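Before I ask anything, here is the structure I am working with.
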Amino acid sequence: MTTLGVQLPGLDLKNPIMPASGCCGFGEELGNLYDLNQLGAIMIKAATSKPRFGNPTPRVAETPQGMLNAIGLQNPGVATIVAEKIPKLHAKFKDLPIIANVAGSAQADYVAVCDQISRAPGVSAIELNISCPNVAHGGMEFGVDPTAAFELTKACVNVSAVPIYVKLSPNVTDIREIAKAVAMAQPAGFTLINTLVGMRFDLTTRQAILANQTGGLSGPAVLPVALRLIHQVRSVCDLPIIGMGGVTCAEDVLEMIIAGADAVAIGTANLTDPFACPEIITALPAVMAKYHISSIESLIHERKGKLVK
Amino acid sequence: MIKDYTLTVTNQIEVADTIYELTLAGAITKDPIAAGQFVNVKIPNPAYILRRPFGIAEVNVAQGYIKLIYRVVGDGTQILAQLSKGATLNVLGPLGHGFPSEFLNQNADVLIIGGGTGLPPLYELSRRLYHEGHHLDIALGFPNKQRIFYEAKMSQFGHTMVSTDDGSYGLQGTIIDLIDQNFTDKSYQAIYACGPRGLELAVSAHFKGHPHAYISAEARMACGIGICNACVLHTTADTSGATNKKVCTDGPVFHINEVVL
Amino acid sequence: MTTLGVQLPGLDLKNPIMPASGCCGFGEELGNLYDLNQLGAIMIKAATSKPRFGNPTPRVAETPQGMLNAIGLQNPGVATIVAEKIPKLHAKFKDLPIIANVAGSAQADYVAVCDQISRAPGVSAIELNISCPNVAHGGMEFGVDPTAAFELTKACVNVSAVPIYVKLSPNVTDIREIAKAVAMAQPAGFTLINTLVGMRFDLTTRQAILANQTGGLSGPAVLPVALRLIHQVRSVCDLPIIGMGGVTCAEDVLEMIIAGADAVAIGTANLTDPFACPEIITALPAVMAKYHISSIESLIHERKGKLVK
Amino acid sequence: MIKDYTLTVTNQIEVADTIYELTLAGAITKDPIAAGQFVNVKIPNPAYILRRPFGIAEVNVAQGYIKLIYRVVGDGTQILAQLSKGATLNVLGPLGHGFPSEFLNQNADVLIIGGGTGLPPLYELSRRLYHEGHHLDIALGFPNKQRIFYEAKMSQFGHTMVSTDDGSYGLQGTIIDLIDQNFTDKSYQAIYACGPRGLELAVSAHFKGHPHAYISAEARMACGIGICNACVLHTTADTSGATNKKVCTDGPVFHINEVVL
């Protein structure tokens, strides 16, 4: 056991850190800036069955210690992703586990994309995005309804060649209900949180800043909400959780693991600083030493020992 | 190579009403920078997490500095305007692609069209083209007299004329009026424009079909390096949107036929 | 019509600004710092039928541009509030409309407290708090269930001598459902948002920082979420909305009105700066002039003209 | 009168390992400040919205400054430690109630008990009591030698002894050990203590029933002025909790019998 390593279904992570989906493209640009083999894994941008341009611009707005995005799942479609994007990434960074993010507007789309993408070489797991707040149909619709979430997960688990992690929405009254329903479909684990729905308005035009009106809130502002949701899901379920939401430093990573996560994805921080992930990985050992944490696995074990259900 | 440079403010002056010229010294000039590239600047206030993109207005390799010129329009630029000598700034860059000019004949006739704070990257471009021996005509538009900057500096590089929206200086009218009235007797081998969307649309329409008319586009950005898809534009070739261009990595400079502004 | 004045049921506000409940006590301490007659109104701390000590400490934790609180509705009980706190405030600041915040753990409690407090001299309106995330029973339980929220509101409206504004919870999948249900009980309006549920953990102890484990997130971090929820409620309902959540300056106030609010409460900002409310009131006219807003009422009218349902 | 003062840093020195003394000049000294009152300091970094409470360690009315002494324990104090001369700080205060002493006889015997960063408000108290002619015995506890500060300054005001948890200086042991071994021959008219919760509990137990034993309590605060109810303590008189005390406005100084720590 190394100090930073974590073992999760399908994922042999050399450290718990991975860039979150939508905040690292398909690894091409970051891969020109640093060696992605340093990362625990990479969660590539959402794949849908057809190419999507996504929402009109402006697609981003700033908020206090956060940002709104309404990209709208822009992507070249699963065929191109499987034929070009993933092979290119895998060829360049052999040691990098790839987690493919799958989205759609109908269950059949999700199933088809999972089937296809789970067989792409280099793909170690799927992140099933049932929680995108920025598309008119699908996405969050599944994530807020326990029955739909269960059905969808089950269908995707059945067809996928790799473990499936279901990405949950924070925009629900009780995430435990959704998590319990999804768990019955036996996915490998969860990822959470996706973004909170928010808005900003322009005082001059008196209109929403985002062309899509609403967008997803991410960044440090959401950290306490992410920690709470991760803790809630952890309290009803033993499945692995890849946590995310507002993490910007090694301290935040450890706090998220204490809350209930087994690995941690970094989203918005990459947009502020493209070197955020390697910087956090480098910082982890010293911060762990400061808090007498001998390894990430030991921190996870310690939490498991303590957790009162 | 894109890096997150820590640059030092060596000078900051208000060159016109609400418009500042910021001189930043540091290692960023050690690697080549193309005219038209931009930087993504971390606002030195931790409440703000999005960087702000600014065109590189001048590169001085010998003395190791770059200049940015920006207008105070919101919180971020307001904070930048308060920086004084010695302050440091995190600057990601150089980003994007510059203005293409390798196709130019010797002593080519070139038209530069700058509107307001679109001017900065055109200054560095003009400086280089002038030193390469090209002939520059320069049309500059500003909202009013108070907001005019760099007229004298641009005049060094070629015949420069100015219009203002309110007529408080130079020609009263738009930059297209200026061009129609003063820059029609030559056929330019290349046109380079940067300014507000209205200007760029007008320039695109006016020079439609020109093989070498380029604009530098603006877009709300987050990452500035191509990983977030905030800054996309439709391509004219495929308005379905399946293919598209990112202003930050495919641009900010585009041929006028390439993208839908 | 003055530049800043706003007329709402029961509330003749000289300006749209009021300190939010729980962030100004019963006006005693702020009243020693500045003249509260300057304020549009004041929303005093929650009243429950019996005195409540509230939750164990620590009750607050910091988050990026926000804070968590788990006060747990500490208050001396409605009898003392009506006998001592309100008369004292009303005697000192005759021109200040008082909005009494009512909470409880059962419908009967809410009704009894509304009955009593609505008859206290100086009380112009009630804020019905069905959204407190920091109590084990009641509070948010009502705010997340359309039927319970409707029943409770109706019972309180029936008994109250003053208009009732229902304070909605942001911790729901679809606030429009709740707002529509509550609107059927014909309250005077809504106030929103209450706090988002969040957590923080201490890296040394590996425990939640708050003794109550979870707390309510407030402050600038929640502004975009508040704007979205206000906009959503506005899109299904014409009732007046007193908006709140992360407002710290005059610009935020105007943005919240554009989003759908008719007046704006300031919570956490009072804790950072006790003079926040008068400072914002002083700043408003110049900021309004900058954006060509001749009066708050005109901005509200402009919004009504534009709003597409 | 409580105001949000803008004070200027006129000095900052590291008086012991991770412990800083910050001198702040400005109008706050124009109104009376009681020994034991505190201030709520805005962290000069907009990412932080909660102020940080610190006891007032020294008041100099003639020269118009106050001093704070704090240990770097987290982000806020880390940021304060980086302030240099000339920086300004928003300081809300003076807050709370100070140590009561009006009841003291002339030349009264007084025991001062300070643990670590509980010492600051006791410095100002000791200074005043000494100048009023009282006789002070002073017991100070620190974790180790590196963290000792103000021993010499306290010694000016009375017989001062030090204990350290690890025995690296003075007596090895707790402050109660120190008192038991060195401060038992007098009966003090008043005891004033400030330090970590453990110390305050021990002092409360040790001096149980003493009519004038006071501690200055700590609590996580938000407002510091009584409007948020973050900092409440149960009273010993009514553990049901219906009545209670706010550390920020009813304290921070309490009689040891008054509150449940």
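Descriptive notes on the structure:
Note that the chains take the letters A, B, C and D in the order they are written out, and that residue 1 is the start of every chain.
The rule is short, and it goes like this: contacts are C-beta pairs under 8 Å (C-beta built on N, C-alpha and C of every residue); 3 or more make two chains touch, one makes a residue touch a chain.
What you are looking at is a predicted structure, and each value in this text was computed from that prediction instead of being measured.
Each chain gets one centre point, the mean of its Cα atoms, and the points for subunit A and subunit D are 47 Å apart. Each chain gets a centre from the mean of its Cα atoms; for subunit B and subunit D, those two points are 57 Å apart. If each chain is reduced to the centroid of its CA atoms, subunit C and subunit D end up 36 Å from each other. Multi-chain contact residues of subunit D, defined as those touching 2 or more other chains: 46-47.
Residue positions 61, 64-66, 219-220 of subunit C each touch two or more of the other chains.
Chain-to-chain contact here is organised cyclically: the chains close a single ring, every chain touching exactly two others.
Interfaces, counted as pairs of touching chains, are A-B, A-C, B-D, C-D. Against subunit C, the residues of subunit D that register as touching in their complex are 2, 4, 42, 46-51, 92, 219-223, 225-234, 240-242, 244, 249. Those residues of subunit C whose C-beta lies close enough to touch subunit A in the complex are 61, 63-66, 68, 144, 171-174, 196-201, 203-204, 206, 214, 217, 219-225, 227-228, 231, 246, 251, 254-255, 258-259, 291, 302-303, 306.
Here subunit B touches subunit D in the complex through residues 45-47, going by the rule given at the top.
Across the complex, subunit C meets subunit D through its residues 22-25, 28-30, 32-33, 45, 51-54, 57-62, 64-67, 69, 71, 74, 76-77, 219-220, 268, 270-275.
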